[in-house]
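The first chain written gets the first letter, and so on, giving A, B and C; residue counts start at 1 in each chain.
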Amino acid sequence: MMKLKTILATTALAALMASPALAQQISVKAGVLNDRSGLYADLSGEGSVIAARLAVEDFKAAEKGIKVEIVSADHQNKPDVGSTIARQWYDQDGVDLILDVPTSSVALAVNQITKEKNKIHINSGAASSDLTGKACTPNTIHWTYDTYALAQGTGGAMVKAGGDSWFFLTADYAFGHALERDATEVITKNGGKVLGAVRTPFPGTDFSSFLLQAQASKAKVIGLANAGGDTINSIKQAGEFGIVAGGQKLAGLLVFASDVHALGLQTAQGLVLTEAFYWDTNDQTRAWSERFAKLNNGKKPTMVQAGVYSGLLHYLKAVEAAKSKDTATVMAKMKEMPTDDPLFGKGTVRADGRKMHDMYLFEVKKPSESKGPWDYYKQLAVLPADKAFRPLSESECPLVKK
Amino acid sequence: MFELLGIPPQALFGQVLLGLINGSFYAILSLGLAVIFGLLNIINFAHGAQYMMGAFVAWMCLNYLGINYWAALLLAPLIVGVFGVLIERFLIAKLANLDHLYGLLLTFGLALIIQGLFRNNYGSSGLPYQIPDALKGGQNLGFMFLPNYRGWVVGASLVVCLVTWFMIEKTRLGAYLRAATENPTLTQAFGINVPLLVTLTYGFGVALAAFAGVLAAPIYSVNPNMGADLIIVVFAVVVIGGMGSIMGAIVTGFGLGLVEGLTKVFYPEASATVIFIIMVLVLLVKPAGLFGRAA
Amino acid sequence: MADVLSVEAPAGAIALAETSRGTERLHRAIFIGLAAVLLVAPYLAYPVFVMKVLCFALFALAFNLLLGYGGLLSFGHAAYFGMSSYVCAYAAKNWGLTPELAILSGVLVSAVLGLAFGALAIRRQGIYFAMITLALAQMVFFFSLQAPKFTGGEDGIQAVPRGKLFGLIDLTGDRALYYVVAIIFMAGLLLIYRIIHSPFGQVCKAIRDNEPRAISLGYRANQYKLAVFVLSASLAGLAGATKAIVFQLASLTDVHWSMSGEVVLMTLVGGLGTVFGPIVGALVIVSMQNYLASLGAWVTVVQGVIFVVCVLLFREGIVGVIAKKIGRPL
């Protein structure tokens, strides 16, 4: 039913010609479930489907006798819509794995259903560190980033760089609270202190009152524990009230390249943020992003879209190695094999489902420093994977708890 | 330095001022709703969508035609107002003899269509719109840093509200309008073209919404959903004020903006709900609203 | 003030005038037909989808009871639907109640909520009533958003166990659960049918058509209105609670005002003030959302267009038109 853009990545003919050697052919159906019309459509959306297609292409699935079909759907950022689609995909449409799924609430729902139906979920879009914590399952891999890593990156690095007093603008819902909590922990651990926090109604449009409170706190850093439209509006209004010009720094705890693109450098300059991937990191990322942008109306990939590519590629490698798409076998292979791809380099998948790779701390360039469109970040620091993600010893995940 | 409930008075003044700024949006929007309701007896559910259209038209003027903010401030209400006139003529007028609730449902449907179309074309992440150069920067008032643009918003909306009030309460045209509200048949009999008056009134109410949209564009991001949630709050404002008087709508709008602003300081968690709580309290005491006539 | 939205819907008037034997026989035939369809549906269609349709159909039926027969347009029915869904999910998950008790607790809470909100709202009529219910529902929305301990905030309450009915029958499988939902739906429908055709229902219709007259005849209009409001809220709650068990999830979508708009649309499409209209409306709208999901924001546009078309040209709704054709209330 939800077979919207059913793309047969390999035609039957190609498969027939390519693999006379392989006796049995494995056919895999991957569902890209994300926001295609709402707030997160730019950072995931159709771009993630393109990324998935590129993964199939680069894996040369046809030559290896694996037939891959990609379907996609819009979950509208609503857990009920997302879980309905996921259920239907697994029950009716024979989908083997679900990719992407931004918005933590939807991700947690899909995570649950995937476990129930014993399929595979490789999450790239969602932030909640619960996916590999309290809510971890043997069926889910959390690929790209999480709240813990964002807090480590932005919080830890800012304190080290001298930003040792903080004031939070926290979106008043579970996700905002989680971001604030994780960041506070990191800040105090690194010797900084949190002067205060204000809970802003979610979703909000006017943040001036809260920004004024933040300004009055005289904190060196104003942490934005919010996402999407809230972040964009608060950054915009911070510019209006001359907050950055007044010497305070803004730290976005969840900001994507697509948000910076929407804000424009004039408004976003000086913002400090953490990402797992930036298109302009090395020759390989640049080459891939170039290909991607051609297919995506010139827009460069976000870390979420890059994560979908990398995740699906690793899955396909595991299927090839296991010569099967049995869930338990493939999951075991994925956790056993090291990951390696042009976008994230070498990495591993941990027992709790956490994909391990480095994270980067960036500062948004001034308009004068930018050489052209999409030239947005300068790199401030690299966080090695073992520092970026929550260590297993602190994990709440029942899979690894002794 | 003495403190007021734990907040230094300077900060409090700042917050009061910010509250007034938000109140100006409530005031213009509830004023538009009240004007439309007065004559057409329908609640214009599309008001939020029309507010959003105002912001978008300003954005389009700038990005497609190179028309600056000041021209857009006039042009956008005009364009959206004409759009409103067409809607009234071809859709709402068809419901004139039916229960007014059908008008509510119709405008609700229109709001869905407008918002959906803009979402399809421009996505939901919002588009940037810069503050006009003349209003960049701000004044240091001693107790707070007031961005020039915010000051302009309060001033402009106050003027618009008062001019509207004057037009309706003190001019001949306004007198016709009030007469048509009281008794359309009789007014028609006196040779006044009531259907035309109705159409123009709707167009004017819509233009007010669009004006608020243009004012909002540089502060908030221009976003297809910007009106959807705001309009519900404005409904509550209207219920609190009662639909009876123009002045009532203006005063309630600014007043509730103020109350909301103060809530943001003392108990930010409740700032989204405070208006609804006030609404319940007002309903318990005065079911017709603060300025409304009892039904 | 005449707040009668269904002036044109013929069903009410005709039903009042002649509850002829033929009509009764026709209705009985429809009930039997419906039961037969429900019996085989899970073999023909995806059971979860059918359950979704049934939940929304019950919700629309409850809404129609208030609007079509009470003449009151509530724009905040999501509050009862959603709140009950939260309570049911919470009870099933955190207290480990069996599904029937969890659903019951949801219904109870929505009844209490309906009583409180109804008492406030019925003091005003027409448009004011609509806006007051909308604003009250918005308070419920903000409460749900800001009470994460209870509602789970943005995440909602997830992984709600379907549990065992009466502690005996395992509902984990879709088929078993389906028949429970079908029975709940049929019971709800029959109850509403009874209410409409009872003396109480007749008085409600009289108040809807001419309130001052009903008052002058000695009926306490406000008490009747409040009673119908509470009944409608409880049944909306029943639908919401059942949905929570089916999808094992209670989320903010269910309390958002767009949900209130959707239920109005379903009722309008199917036929205001008709007995069976809301079922047809729910089927149409839910299928549309399902099959057009790929179109993204176009779904909103299509819904808006349906709204406008219904209001301008098609006020009787699908079932209303059929009823007119065959000359019998449906």
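The criterion applied here is as follows: contacts are C-beta pairs under 8 Å (C-beta built on N, C-alpha and C of every residue); 3 or more make two chains touch, one makes a residue touch a chain.
What you see is a predicted model, and the numbers here were worked out from it, not measured in a lab.
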One chain pair leads in contact pairs, namely B-C
Find the chain most remote from chain C, comparing centres computed as mean CA coordinates. A
How big is the gap, in whole Å, between where the Cα atoms of chain B centre and where those of chain C centre? 33
The distance between the C-alpha centres of chain A and chain C, rounded to whole Å, is 39
Junction residues of chain A - those touching two or more other chains: 37, 172, 201
Chain C residues touching 2+ other chains are 142, 146, 296-297
I need the residues of chain B touching at least two other chains; which ones are they? 119-120, 269, 272
Which bits of chain B are touching chain C when the two form their complex? 37, 41-43, 91, 94-95, 98-102, 104-106, 108-117, 119-120, 232, 235-236, 238-239, 269, 272-273, 276-277, 279-280, 283-284, 287-288, 295
Given the complex, residues on chain B that touch chain A span 11, 14-15, 18-19, 21-22, 119-120, 123-128, 130-131, 137-138, 144-145, 147, 149-150, 219-221, 223, 225-226, 229-230, 261, 264-265, 268-269, 271-272
Chain A residues touching chain B in their complex are 37-39, 41-42, 172, 198-201, 203-206, 208-210, 212-213, 215-216, 228-229, 232-233, 236-237, 240-242, 246, 258-259, 262-264, 266-267
For a test of understanding, state which residues of chain A touch chain C in their complex under the given definition. 1-2, 4-5, 36-37, 73-74, 78-81, 83-85, 87-88, 91-92, 104-105, 108-109, 112, 172-175, 177, 201-202
Chain C residues touching chain A in their complex are 46, 48-49, 52, 142, 145-146, 148, 152-156, 158-159, 174, 247-249, 251-254, 290-291, 293-294, 296-297
